[in-house]
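Paired with chain B in one complex and with chain C in the other, chain A is shared by the two complexes that follow.
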Partner chain A sequence: MSSRSRSSRHQGSSRISDDQIVDLISKLRSLLPEIRNRRRSDKVSASKVLQETCNYIRNLHQEVDDLSERLSQLLQSIDPDSAEASIIRSLIM
Partner chain B sequence: MMHNPSKVKQKILKKFIMGLRSCNSSHENLSVSERRRIIKLSADLALASVRNGSRRWSRAIIEEASRSPDNKGLVQQMLGSDGDNHLPGPIPWEGRSDRNGAGHVTKSKSVVAASSKKIVKRCRRVRRSNGRAPRRNEAASIAKRLVKKRTQLLKDFVPGGRDMDDVSLIEETLDYMVWLRAQVDVMRALACSLPTTSS
Partner chain C sequence: MTNPGGLRSSFARIFLRSLSRINSGRVSSSRGRTLPKHRSISIAAYASMASAVGTRRAWSREVLRRIRRGGARRASRRTSEFPVGRKGRKEPGNGKKLKKEAGDGNEGSSIQGMRKKLRRLVPGGEGMEFHRLLAETAHYIKCLKTQVGVMRSIADYYTPV
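Showing the complex of A and B:
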């Protein structure tokens, strides 16, 4: 990455440079299942990558909410002094 | 980006359990929704504290949580044992009260769709008045504007994103994606390991 891309001279208004887009696309491609599974035919557009990234993070946030709900119900029925709780504690320590 | 995923997840789980135990011991009669809120907060703070404040998104999560007095105890407990985890520095948060959770989206798909329609309409108008405007430049400017719009959207998803320039936003996003995935894996592993017997 060029040093120019690292300078934050235009804080808040700097646009993403083409180099960064290429870099981002290659990194995101390895992280995003939707893009990774595509045929590597054409360039994936930057806006598509950004869109998929937003979707990916939003889905993860949704999973966090769902799992919090699930854990809330599960933990309610666990006695903190029970065998299960002490097992969990011992596994972590 | 993450050198030892299983070790990282162990750390996250350990912190997460710490938060959960405080939830169980101090509040006997929590409602399901309140318990859920504390569980989610514990998970988010566990992630942020393990990331250790070296990333702005992790500092943003901690700052966001600390602003509510209800959370002070939990924040203190989860972060206090390791000392000051987050780097000091000016955080321009004043007056931002339109978020109720780290990185949660407030815009809907219809906003993006409406914006896209506006872009296309604007370009059609340009074409009519110019007549001979080359199509390649139009496509490029549409693409640039779409990237700009999508980048704006992304800022809502990454904690602290609204105060980042585009360059930092992408770097933070790449990091946040990987770690958030780890948080989800930890939560799911815990949920699957707990007994499901009814009371």
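Showing the complex of A and C:
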């Protein structure tokens, strides 16, 4: 993508080499569900990966929020100590 | 990197303990004000995960720091780490800045703009070298995924069929 080479030239202020960024970004890629599924090109543009990362983090925050809502409604049925052990066992499974 | 199984069970243990504390009525309040239950739970979730990770990561140190300061509400105003109490508004103060940097859609968004966004999302990301920020981000995402997974399992477990 021509835009990618253009953007790397614009990175005058970044003190990190492109290679290092690419390396770390490839690590991020493996964590992002969106990009993992796209096998078209090896190199996804860096800004795209970063954008997906930001979106993904925000989605995860939202999920935590939603699950907290769910849990707050279920809270009264939670048995403190007795259930804990069995839950953890089933979670680790 | 820590093995996810160990992290999962550590987090689950700490979080469940927090849940039963919240359940028994000892709600953590900041500045004397009582938080709504779902807010306490969400904060407990982040706190439990940070505790499970310990201090070996910059982001977890930052989370623990914020909680000890009791400034959970203050933290929520500054970043989206603890999503703001007002529903639907993800990043209140940052909307203006983002427009300048992000441009329109994918084409115009520079790496600069993305870096700034990421710094705000990852706790402790502000003062960090970019290279390190990426590594912290990867770990942070991994832990968030674990956190969400465990929370979901707990919720499913207690949801009456």
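A few notes on this one:
The definition used in the following text is that the second predicted complex is superposed on the first by the 57 of 93 C-alpha atoms of A that agree within 3 Å, B and C clash if a C-alpha of one lies under 4 Å from a C-alpha of the other, contacts with A are read in each partner's own complex, and residues count from 1 in each chain.
As a convention for this text, a residue touches a chain if its C-beta (ideal position, glycine included) is under 8 Å from a C-beta of that chain, and two chains touch if they have at least 3 such contacts.
Model, not experiment: these values are computed from the prediction.
Legend: residue contacts after superposition of the two complexes on their common chain; A:28 is shown touching both chain B and chain C. When the shared chain is aligned, chain B and chain C each come close enough to touch A:60.
Judged by the touch definition given at the top, the superposed model places A:47 against both chain B and chain C.
Residues 10-11, 13-14, 16, 20-21, 24, 27-28, 31, 46-47, 50-51, 53-54, 56-58, 60-61, 63-65, 67-72, 74-78, 80, 84, 88, 92 of chain A touch chain B in one complex and chain C in the other. Chain A meets chain B in the complex at residues 5-6, 8, 10-16, 20-21, 24, 27-28, 31, 45-47, 50-51, 53-54, 56-58, 60-61, 63-65, 67-78, 80, 84, 88-89, 92. The part of chain B that touches chain A in the complex is made up of residues 10, 13-14, 17, 20-21, 23-25, 32-33, 35-37, 39-40, 43-44, 103-105, 143-144, 146-151, 153-154, 157-158, 165-168, 170, 173-174, 176-178, 180-181, 183-184, 187-188, 190-191, 193-199. Of all residues in chain C, only 5, 8-9, 12-13, 16-17, 19-20, 22-24, 36-39, 41-42, 45-46, 80-81, 83, 90, 106-107, 109-115, 117-118, 121-122, 129-131, 134-135, 137-138, 140-142, 144-145, 147-148, 150-155, 157-160 touch chain A in the complex they form. Taken together, the chain A residues at the contact with chain C in this complex read 3, 7, 10-11, 13-14, 16, 20-21, 24-25, 27-28, 31-32, 46-48, 50-51, 53-54, 56-58, 60-65, 67-72, 74-78, 80-81, 84, 87-88, 90-92.
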